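Below is one structure, written out as structure tokens; comments come after it.
Note that the chains are named A, B, C and D in the order they appear, and that numbering of residues resets to 1 at the start of each chain.
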Amino acid sequence: MDRHGRRVEHPLFTAPDPARLADLHRAMVIGRRFNRQASALARQGRLAVYPSSTGQEAAQVGGVLALAERDWLFPSYRDTVALVARGVDPVQALTLFRGDWHSGYDPHRHRCAPQCTPLATNASHAVGLTYAARRKGRDVAALALMGDGATSEGDAHEAYNFAAVWNAPVVFLVQNNHWAISVPLHRQTAAPTLAHKAVGYGMRGYHVDGNDAAAVHAVVSRALAEARAGNGPAIVEAVTYRVDPHTDSDAPQRYRDESEVAYWVERDPLLRTEALLRSEGLLGGAEETDRALAAFDADAERVAALVRERLARQGRPDPDALFTDVYATVPPLLEQQRRELAGELREA
Amino acid sequence: MDRHGRRVEHPLFTAPDPARLADLHRAMVIGRRFNRQASALARQGRLAVYPSSTGQEAAQVGGVLALAERDWLFPSYRDTVALVARGVDPVQALTLFRGDWHSGYDPHRHRCAPQCTPLATNASHAVGLTYAARRKGRDVAALALMGDGATSEGDAHEAYNFAAVWNAPVVFLVQNNHWAISVPLHRQTAAPTLAHKAVGYGMRGYHVDGNDAAAVHAVVSRALAEARAGNGPAIVEAVTYRVDPHTDSDAPQRYRDESEVAYWVERDPLLRTEALLRSEGLLGGAEETDRALAAFDADAERVAALVRERLARQGRPDPDALFTDVYATVPPLLEQQRRELAGELREA
Amino acid sequence: MPPAEVSMGAALNRALRDALAEDPDVVVYGEDVGPLGGVFRVADGLSGEFGEERVFDSPLAESGILGTAIGMAMYGLRPVVEMQFDAFAYPAFGQVVSHLAKTRNRTRGAVALPVVVRVPYGGGIGGVEHHSDSSEAYYTHTPGLRVVTPGTPADAYSMLREAIACDDPVVFLEPKRRYWSGEAVELPVRTEPMDRPVVRRPGTDVTLVAYGPMVETALEAAETAAGEGRSIEVVDLRQLAPLDDAVLVESVRRTGRAVVVHEASVFGGYGAEIAARVTERCFHYLEAPVLRVGGLDVPYPPPKLEGYHLPDAGRVLAAVDRLQWEAEWVEGAR
Amino acid sequence: MPPAEVSMGAALNRALRDALAEDPDVVVYGEDVGPLGGVFRVADGLSGEFGEERVFDSPLAESGILGTAIGMAMYGLRPVVEMQFDAFAYPAFGQVVSHLAKTRNRTRGAVALPVVVRVPYGGGIGGVEHHSDSSEAYYTHTPGLRVVTPGTPADAYSMLREAIACDDPVVFLEPKRRYWSGEAVELPVRTEPMDRPVVRRPGTDVTLVAYGPMVETALEAAETAAGEGRSIEVVDLRQLAPLDDAVLVESVRRTGRAVVVHEASVFGGYGAEIAARVTERCFHYLEAPVLRVGGLDVPYPPPKLEGYHLPDAGRVLAAVDRLQWEAEWVEGAR
């Protein structure tokens, strides 16, 4: 798509079909609403923190919907929308940021690793997982998500290199949202693009408009297919923008200009898919389209309402949970601390 | 030079002048003799260990002689010959491997960091040092030495990236000797060359015949000049070969074929400079050349003899040294341990 | 007029500012310490004031930050680097242990590394995972490092100035939950040298050993105990390593009882060193074993459960109560 | 016929081989563990026997090795990775502390990480710098890790098998100076479960607590002491964390005296935990403070000086002698 949501063909990549385009748009609409809802809850103090991905929905959704059921997703803290798009329960997806527990969903159920806070450390997990799957004879690929800043970490390098040497079916999707908290990209790297990093590992690098869900989907799909076929892992750089503050406790006015945000808001990924769906009539005639889009909005509202309500209803987590899953069984000294805490709580 | 020591011109790089070529050859002759001597001492148990660089003398000497006096060298454990070429006392250079102390020379005197054992960790030190020098208004460049295996470490990546972003005058000289102990290069990277890694940092990468001292010197000189001029750091990959075992306690027959070693022994870097010096008469007529070369050999023998003798003469290090340089002053609890040890020794 | 209240964060900010102003060799860098002033704003305003050659954002890589600081120090600068949070210092652990701590020793004193590594540490701020580790034990067991942590704004100022001036590498642990704690103090101020523990509150019945975030908690416990007729002496260790144990030993020999408190998990924590050392040096003065109060031996909990993990004055006082004040206790224990 | 002597290195090798043979999910990798069999040859012959899909050399990057092992374990493998030397495990510290130790907890038990991290550790082999660190305290203070270290070849075999079968991540510390120590034992052998300390030698006068490389030293000290009429009980801890202190406490309550010995620097070392814990649990049984014998509080020394740093039987016995056997001692100390 161009900036205005007009279709642009590319000789190498196949555009998603109409149904998939509709899915992408719907997931973005839900993702955007989710971002807004979660940010509001954070402002109200009902979440401990929320790192919003408003503006980055195309990159996350485009990437995630390119995965097969059996594939694995390795998200970072920024990628709650990716989890929701993957089918994780939106309330469980917020457990981390609610402060109830470190992770709220069963990773095996949706084949989503816990959201990863230490930067770039999830990338090698993805490589190892696909190695194991291959040993077990399963055709499993993985998508590892990271930010532009995270590419500076040694862990990113090691993971890229292991993936290339092992020919692992992993796609590293780098959401270049131009900022690592307050640090702009030119203080992060002197490379022409982050996709150029692939050269030094002998793998393919793709540079894609990260606000174009169709393009991200097409590129990640192709990269995954190549990787599955044994043609090696890839870095996909999705160029996008973090419209909101880093988290609700950030102060972006200290380091960036509102005009920069405005520039990107104009390039909102949702406007573009909507324009494409409308102009090409992919959801049907004008009326049908309106109806379909309204249904997406309604779905999004339902998700937001669900999040609000279920969050309000949940109680405090049980402190006994502190002890049960440190080891496979509770060792004696920890059992003693458990008893002591229970005693304290009884007294209080 | 080609394989046989015949001059080959290159449009970009300036060949060292005859005097410099002679210096390079002489330093290699000394370096080779030093490697042999140190390896022998290790076999006799008079060094704790010695990681020989036989076969790699051109890469080390070619790189080091490209440095100006004021520049800094950041060597690894493999680079004792580089230290000797830099002017470090050969016996002091062996302190580490004798087991007398961790490092035996004053880094400030020769602007040589201590030899670095943890792989790739010295690279960021080089970057920081040049940053400091620039702040102090001094035109200081640095040469950081590392092996092919070390490029896989996160620390290499972080240093490359810092150097590029800070536009630091650092040249990373990677001696690709084809092995990281028992691990061959193709298990280390899938990149076409290690020089390709430069692309991902937006810096220049050079791929040079590491057994051609003239070429290494020319390339490193140019890379240093560019870096000094503010055109950014560079990776220079010098392709060479580790002819000896990793250290004297290695068992190379477990992982590599003797024929591979033979292939490289034929490409000995010393034979090539000698052939060039002779064929072009750079040391004068045949007789003068013979005399000059014999003088180099004699110098090398002198260094070897000196090492043997001084090492034999030296006593055991004083245990009190354990306590004096942990902190700027000896803290109370350490002072107590110092007294206790002194007491123990008196009793014994 | 009494001096104004200064928060610990403001005191640290002022210390950085004064050090930058006095010594052109001081540079401050790390992740987000430039225009943003750090995520806790400890570097607030400094890059504007001193220019981005001296206060700046680096690429996002902790080992690279530490490694470049080592290189800078080799050439005469005094870098002050920030690790954004405790757990995000771990990627630099190799540089810290194998180089920062050892270089003076490796070079027999020829190369000093006056580097300050600032680490906002500890919990109590409702941070999600990896934002609340108490990592002091990893550093205090590493010879060659000075490990210090201030318990008050005045100490924060004075100790940071001293750390920057110090020729040894200093791991400067900032108790992040206390950034907003205030104290009426006129800056600049110089307190006791950082390598000596101080008695924060004198007492006669029991010695309570604390540092960093737990100093405030210990004082609170002492205050409560005083109301109940028990006199608690609070020792603030300040420099955890290398430790000067004289003040501590003197105190415990006098009181005959001791409790050590920290946020970190008890098992293998820094409190074990204090308990073992005090016991060894004061054995025949002790009326009861030295008790440790600390975090549970579990990964740092999520925000809603951190209250169960972190020691508070109540837990400290409960430990004090277990110090065998009654003769019968001894019998019961057998 | 009595069983043949087996060295610890050979016992470990056999344990890896048997585990690989029994469980197809076991993979062994790291730096140089393929054709070379590891720099200490603990993986000798395995890549040839089991193929390079199961025993192989990885790229040279410790954090990557740990991170990929975590990913493999998430998908049901049981990776056994080698860190070539203690100090070269530090680059992986972030992966170890923030992921390996915490993932079970973070996911409330949904994701177990049965990873074994083999680390040849400690000194005594004349290694140059960074080849002799005793890093156990860094791991034992990290909840979620099992940290074990064998003191004998039989334990080496049995504990490594158990570690590989264990659903928790295990940091398996191999006392490198004891790779060549032999014991007459028939393999395979199963010793006590690894999570329980054992009494290696019974005694009545004093409890000597040791683990890993110091077990041999402790037994040597006990033997010498026996000749001098003093009966030393040697407790081998085996699993350092999480610790089951029952055997230990029982022993010290019986003997009334204890010394703990390790190679690591004393300050903040693992011995502090033992001393603090034993004191707390056995206070009224103790005739003297629990003493610690360990390395000096200095960076690991160069080969020619390591003998001054490392505890030997003489130093252990000197500490035993200081355990206030005479009543006068008490007076003198005041």
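Observations, loosely collected:
Just so it is clear, a residue touches a chain if its C-beta (ideal position, glycine included) is under 8 Å from a C-beta of that chain, and two chains touch if they have at least 3 such contacts.
Being a predicted model, the structure only gives us computed values, none of them experimental.
Most remote chain with respect to chain B, judged by CA-atom centres, is A.
Of the two chain pairs examined here, A-D and A-C, it is A-D that is joined by more C-beta pairs in contact. Centre-to-centre separation of chain C and chain D, using mean CA positions: 30 Å. Work out the mean CA point of chain A and of chain D, and you get 41 Å between them.
Between chain B and chain D the centroid-to-centroid distance comes to 36 Å (mean Cα coordinates, whole Å). Listed for chain C are residues 58-59, 61, 63-64, 87, 90-91, 94, 98, 102, 105-106, 129-130, 143-144, 242-243, 267, 297-299, each touching two or more other chains. Looking at chain A, residues 101-102, 117-118, 152-155, 157-158, 161, 165, 187-189, 321, 326, 333-334 sit in touch with two or more other chains. Taken together, the chain D residues at the contact with chain B in this complex read 31-32, 34-37, 39, 57-64, 87-88, 90-91, 126-131, 267, 296-299, 301-305, 308-309, 315, 318.
Residues of chain A touching chain D in their complex: 101-103, 106-108, 113-114, 117-118, 121, 123-133, 135-136, 140, 154-155, 157-159, 161-162, 165, 321, 324-328, 331-334.
The residues of chain D lying in touch with chain A in their complex are 27, 53, 58-59, 61, 63-64, 66-77, 79, 91, 94-95, 98-99, 102-112, 143-144, 146, 166-168, 195, 242-246.
Within the complex formed with chain D, the chain C residues making contact are 63, 87, 90-91, 93-94, 97-98, 101-102, 105-106, 129-130, 133, 137-138, 140-141, 143-144, 241-243, 264-265, 267-273, 275-277, 279-280, 283-284, 286, 288-292, 297-299, 330, 333-334. Interface residues of chain A facing chain B in the complex, by the touch rule stated above, are 152-158, 161, 164-165, 167, 186-192, 196-203, 232.
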